[in-house]
Amino acid sequence: MVHGSTPAHEIVGAHRALGAAGQADMVWGHAAVRDPDGRGLWTKAAGWGMEEITPARVVLLSDDGEILVGDGPRHIEFHIHAALLRARPDVGATVHTHGEAAAAFAALDVPLRPLSHDAVPFLAPDVVRFTATSDLVATRSLGDALADSLGGANGCLIPGHGMVTVGPDIATAVMHAALLERACRIQLMASVNGGPAVWSSEADVAAKQRGLWSATQLSAGYDYLLRKADAQFGELDRADAGS
Amino acid sequence: MVHGSTPAHEIVGAHRALGAAGQADMVWGHAAVRDPDGRGLWTKAAGWGMEEITPARVVLLSDDGEILVGDGPRHIEFHIHAALLRARPDVGATVHTHGEAAAAFAALDVPLRPLSHDAVPFLAPDVVRFTATSDLVATRSLGDALADSLGGANGCLIPGHGMVTVGPDIATAVMHAALLERACRIQLMASVNGGPAVWSSEADVAAKQRGLWSATQLSAGYDYLLRKADAQFGELDRADAGS
Amino acid sequence: MVHGSTPAHEIVGAHRALGAAGQADMVWGHAAVRDPDGRGLWTKAAGWGMEEITPARVVLLSDDGEILVGDGPRHIEFHIHAALLRARPDVGATVHTHGEAAAAFAALDVPLRPLSHDAVPFLAPDVVRFTATSDLVATRSLGDALADSLGGANGCLIPGHGMVTVGPDIATAVMHAALLERACRIQLMASVNGGPAVWSSEADVAAKQRGLWSATQLSAGYDYLLRKADAQFGELDRADAGS
Amino acid sequence: MVHGSTPAHEIVGAHRALGAAGQADMVWGHAAVRDPDGRGLWTKAAGWGMEEITPARVVLLSDDGEILVGDGPRHIEFHIHAALLRARPDVGATVHTHGEAAAAFAALDVPLRPLSHDAVPFLAPDVVRFTATSDLVATRSLGDALADSLGGANGCLIPGHGMVTVGPDIATAVMHAALLERACRIQLMASVNGGPAVWSSEADVAAKQRGLWSATQLSAGYDYLLRKADAQFGELDRADAGS
């Protein structure tokens, strides 16, 4: 398990947790956390898979993408994280993945339904979609447009591309990605025989939105993903972990 | 393999078996057994995944949730187990999971069909569904309502949430969970091209209900899941196993 | 890899290969080979998963189920193998599994189509189905009825239950099981958007039936499954292997 | 990770990467690279699974299939690679697999849609299909017909059989296979509820085709697959690696 709470340790843990949650698409997809000293955002270097991230593969980028700490290369789509952190003072961490179920579900023109607890954080009443482009979010203005589409939501599908999720901290942002992918997967499974046909009532969804995904529950899920990553990918060497 | 037949050992084995059967949803889902001394129910502590349960992560709860043995925290939904054990003197063990196939199938408005041996224990003639809430079963009265819906059945789908299963002993309750998930998964797979279209006749189902899932067969399946858990998750250390 | 060509070694290898091919359903499903000395059939003892079979868990059964060698217990459905071996002098080995894709596909009322090489051995022009019962094939007469349904074919679906396959030798019988399961899985995947819509022409199927699945190809696939089993389940200890 | 850049090392790495990408069908499917000295093509020997390829299981074949280096046996379908290399001077490497999603999607009569980045290299505007035969591409003339169907494209579905992909180098050809399989899988997942209904605009596809899959990105993905193969299958022994 990745101990320590520096931003670099959080980035290492977040990517390993996303890998354990089945969100990897080879070397694409990345998470970021806001620099506590206001210099920009911490994220992974490009070219590595989620389970391969170590402190040596973490970078600090300025809001316009200058590499301030670490060796890069940086992901072209750092603009996703920069824009979401600019637009949302309440957000401390951001995730972008190419989850297969999220990508497939985004290609449907149907609402996300509360078929399980997983969809609940995203319904207001439907999951948000960003449709300005399905190409790389490779400019400041596209990042801003994505942030506009996200508004105050916890996550957003990008048809033709993938998803983004956010949270006040890295545990929440990663858990939102895991929950959105699982919600999409379960709805795809239930999209047979004319289904889905049965889902949580509006009253149930409202009650779940108040009580279900507390910080305690999200943290418990995230800590489990960190432990699962250790079991699946091996623990980081003390040297690699930089501790 | 988890040896010993104390309630704590049964709880350890049950969760490892559920993990090996693919029923895990991070740290959610849990099994319980009736305390042989009438003090309440044994179950897992909250915050751990199924394959992570050791004797140190087992708790004995009173019927109203007081932690009598072990360190907790307890799952909010202990009311599921407490209510089912109150309502069903024939039941010695209970399981609640968020199996993905069960959750997806519960979102359809179609009967569970006997497409394989797996569905047989649940057909009377259809699987029971609990629809009073899809939110947490977090109160005594919701637990009682769930027990009412279950009636004398072996298992119950909860649309928007998951499933519960029961049995006279832990082997049967866990096997019922494994069988219900597999039955739902196979029916989802067969729900294409207007299907399913072919399933066991009423006479076959009646014959299977008499002969198929004997205690011997259920025990053989459960023992296999315990061995598979050892192969998949590693055997418990002697120290962890408390023996 | 399981060396040696005694019937017991063949039974060990066949079950490990079926496990590696993803045909396991806990402790159910089994393969058999004809005893070269005419005493009956070799198969696995009941109560063990496919990857758990060692020479000590192999039994020789007479045609009416008496245990001649080994410790049992025997599978109730030994009648499947006994009947197929009685009816088909050309058959030296038989397989019965609960493959999930085969079980799901058997619940459709549609022909098996040649969407890939895998379906080819079973089309004459459609895969055979045994519909006299979906309950256990637990009597001599049900075994005989299954053999009647199979006729001269390489495999047969059993709606509500699973499948059987046969071959002149164990490599072929196991490969037929792997191919039938894969054929069913691919057709289920292609059963969307009104599909499948495109498959091999009758002329192609005829050509493939002459040339594709030669003994050399089937043996190459089976040997690979034996090696994959070693990689996945670990090699048999020399002691366990009885050599 | 497979170091070295001889054709034999490239063939070893390519098959391990295809195995890590989930393209294996027992011992079927193979990749080839053009011999830099103009003698023909390097590929794997028949009879081995993708993850089993070592330098000792690599062969150099002349354009008409003579084994010039290595021990064989050769795959009957070497004609696929020979014909594509003859027809496409821009192509340095070729891949043929039986990917399950590609095989299933090829059985539909629907266009491949840009539901994610993965489909982009194959749309002009639809993926090419080779329909002259679904039987083995076992002759020079069938190879030539396949090359004609492929034209200048990056990949081609073969209904009733599988797929081929090409690239200027082995990294690109393997990545094209991984991308085509993933594109097919995501579209199959999205083929529910009348879907897919939403995909990248023509303008987005054009922009993605210019910028998305640069040599740098393809190489980063391929290098990751090589590392994933090491983690999944174990690193090659120095002796096996021939270094």
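As written, the chains take the letters A, B, C and D, and residue 1 is the first residue of each chain.
The criterion applied here is as follows: contacts are C-beta pairs under 8 Å (C-beta built on N, C-alpha and C of every residue); 3 or more make two chains touch, one makes a residue touch a chain.
According to UniProt, the chain labels map to these proteins: A, B, C, D = Class II aldolase/adducin N-terminal domain-containing protein.
Quantities reported herein were computed from a predicted structural model and do not represent experimental measurements.
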item	value
Same vs different contact residues, chain A with chain D, by half of numbers used	different
Cα-centroid distance, chain A relative to chain C, in whole angstrom	44
CA centroid of chain A to CA centroid of chain B, Å	31
Residue list for chain B, restricted to those that touch at least two other chains	192
Pairs of chains found to touch, sorted by chain label	A-B, A-D, B-C, C-D
Chain A residues within the chain D interface of the complex	25-28, 46-49, 52, 98, 100-101, 103-110, 131, 133-136, 159-162, 188, 191-192, 233
Residues on chain D engaged by chain A in the complex (per definition of touch)	113-117, 178, 182, 185-187, 189-190, 192-193, 195-201, 204, 207-208, 211-212, 220-221, 223-225, 227-228, 231
